[in-house]
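One chain, subunit A, links the two complexes that follow: it is found with subunit B in the first and with subunit C in the second.
Up next, the complex of A and B:
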């Protein structure tokens, strides 16, 4: 595994601005398309990243996303300094949500975010502590086995 | 036909090298180089946005000359439903269809009728479990090409049914061959088109090996002739050529295909840039509870096609009246269930990765690195003066070896100013020494 990233990007994720949620993930999707990455992998990446972004918008009070592209993989680091998650295991459960009603009414906050990230990434690590924010690490391999 | 036939073309002598077209192209397929626009063939989807915005009418759609009709013994007109929106209330559908006969056609078959058959087949497909939702309509060829070049993940969502134009052409040909006992090759089928993309889909089809349409005429090319002929046709009168109901006629405008499906889980989006936005939402799985997407490249759908004559909103009002005059069809009597398989595409569509920087991913990454670096040094104004649609596109062009950094006037100014500074530094050499 090479340790030197070829492309580095950083994105601001504004708090509570739904109109801009997805900006970073759609930007990354365009980068991967230009690199000629397999469309199915691009799709997984953009879904995982979009969910992580959305969490920062809804719960995290805004934050940042750092993206590094290596020869064989993409690493996405999304972090915020929001309220943090008390019980990560519970938060990972499908359908568990702490999103307020008005957000659910907008069609978000169904409690699928974290499990969706996990499902779409090859490696997924989440660190969080109440009061100290949340950090999400996503790794997705850009080359499928046998390719 | 070559792989990249396009109806949309440039008349170089009219082009002034302005930046209107490059800014509006949804696939960044146009560049201005050496003072003239050039279309990157691989990228063009024939949407016709550039035809609409070009102030000098340098962009045009190549259609067939009316004279190709003469090559056939029996000539059939296939009017797109949008034709009905081109005339005011004094021109009933009966009058329009009879007018087409006067233009020299031997028979007319309404594409609106074929649209109803397509809608019926779509209803069957939507009911099946093994279809990827949301299903995206394939009626607009520019939209299908957009998916082909920009949204590979949506290729499986495309409704793989022939377009109403193709279905109409086949039915018309078969009917005449059978009833009049004329060999198929002597029957000419001509589509009266609101857009350039349809021309391309006939000359270089993506879904089938060969189109059944023999020629495509621009709506605006027959408009005045048709008006003249119609004036001699009585206002009220029956016409046995009317075969479509309100649903088929309604297909002409945005939302028409959705209405024909009678599904509340359907969405109608029009305007190529809006279509792109919605497709991005589908790829990222943001769009929920929608089973069917009617996506049309032109604003207000085919009524806003670049080859139409009247303003799309006027056409919409005209069409509303035409729809109200058409009879409502009972689709339960329709029975395409048994043979809708015949309407399916026989060939799958391939992804054309036009945005890729290099075939080798490692090389692409190195180019991307360079691209980012160049892009950071550009002013970020997206003025288009360099001939590329945005600063990022210029950076891309430089990496591909198609442009220079000094194509950017700000970069050029920087260079010239540096040069001037250097000249100044040599001042003592070329200035003659002053003597008192």
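Up next, the complex of A and C:
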């Protein structure tokens, strides 16, 4: 695994700004398209990062995303200093959600976010503690298995 | 099926990307819950929804969906149209209900791919 990143980007994720939510993911998507990355990998990256970004907007009172592209992988680190998660195992469960009603009215908050990030990542780590924010690490390899 | 044919079948109004009427759509997904679109709909190029907010366009973008149809007479806002135009996503609207719009398109040959979001 090479340790030198080719591209490094940092994005602000503003709190409660639903018209801008997804902008960071959209930028990364554009970047990967320009780099000629396999569309299936771009889609997995987009979904994972967009879900993580939405979580920061909905639950985390805003935060940041750091994206590093290596020769063989994409590493995404999304973090906030929001209220944190009390029970990560429970939060990972499909259908479990603490999102308020207005988020559900926007079509989100169905409790699929974290499991969907995991499903689309090759490596997924989440760290959180009540009062200490949440950190999500996503790794996606640029070469699909079997290639 | 071409977007122009889809527009005719559901008596749709086109809001963006009028130059993309010749996109060929083979499968679609109908949902008001964007969480489900992202979790279950992997291969569909068209979304039918009754939900109207900018995150619908973002979701379509992330999912590589080229066409979004708003059902039940809902119309996209100007902000949504601008975002869709920028992303090259065709926005259509129809007075038909979700069930009827999906039924007409399914009968005409458009399929649903992926598990729960068919």
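Keep in mind that, in the parts below, the second predicted complex is superposed on the first by the 146 of 147 C-alpha atoms of A that agree within 3 Å, B and C clash if a C-alpha of one lies under 4 Å from a C-alpha of the other, contacts with A are read in each partner's own complex, and residues count from 1 in each chain.
We take it that contacts are C-beta pairs under 8 Å (C-beta built on N, C-alpha and C of every residue); 3 or more make two chains touch, one makes a residue touch a chain.
The structure displayed is predicted, hence computed values, not measured ones.
Peer 1: Given the alignment on subunit A, is it a clash or a fit between subunit B and subunit C?
Peer 2: By the criteria stated at the top, subunit C and subunit B clash after superposition.
Peer 1: With both complexes superposed on chain A, which partner does A:80 reach: first (subunit B), second (subunit C), both or neither?
Peer 2: A:80 contacts neither subunit B nor subunit C.
Peer 1: Examine A:18 and indicate which partner it touches, taking first as subunit B and second as subunit C; both and neither are also allowed.
Peer 2: Once the two structures are laid over each other on A, A:18 reaches subunit C alone.
Peer 1: Between subunit B (first) and subunit C (second), which does A:50 come into contact with in this model arrangement: first, second, both, or neither?
Peer 2: Both partners, subunit B and subunit C.
Peer 1: With both complexes superposed on chain A, which partner does A:39 reach: first (subunit B), second (subunit C), both or neither?
Peer 2: A:39 contacts both subunit B and subunit C.
Peer 1: Give one of first, second, both or neither to describe whether A:26 is in contact with subunit B, with subunit C, with both, or with none.
Peer 2: both
Peer 1: Which listed stretch of subunit B (98-106, 206-214 or 296-304) steric-clashes with subunit C in the superposition?
Peer 2: With the two structures superposed, the offending stretch of subunit B is 296-304.
Peer 1: Do any residues of subunit A touch both subunit B and subunit C, and if so, which are they?
Peer 2: Correct list for subunit A: 22, 25-26, 29, 39, 43, 46-47, 50, 107.
Peer 1: For a test of understanding, state which residues of subunit A touch subunit B in their complex under the given definition.
Peer 2: For subunit A paired with subunit B, touching residues are 6-7, 22, 25-26, 29-31, 33-37, 39-40, 42-43, 46-47, 50, 69, 71, 107, 142-143.
Peer 1: Residues of subunit B touching subunit A in their complex?
Peer 2: Per the stated touch rule, the residues are 152-153, 280, 283-286, 288, 351, 353, 355-359, 361-362, 364-366, 368-369, 372, 396.
Peer 1: Quick one: which bits of subunit C touch subunit A in the complex? Just the residue numbers, please.
Peer 2: 32-36, 38-39, 42, 49, 51, 53-56, 58-59, 61-64, 79, 87
Peer 1: Which subunit A residues qualify as touching subunit C in the complex?
Peer 2: Where subunit A meets subunit C, its residues are 18-19, 21-22, 25-26, 29, 39, 43, 46-47, 50-51, 54, 106-113, 115-116, 119.
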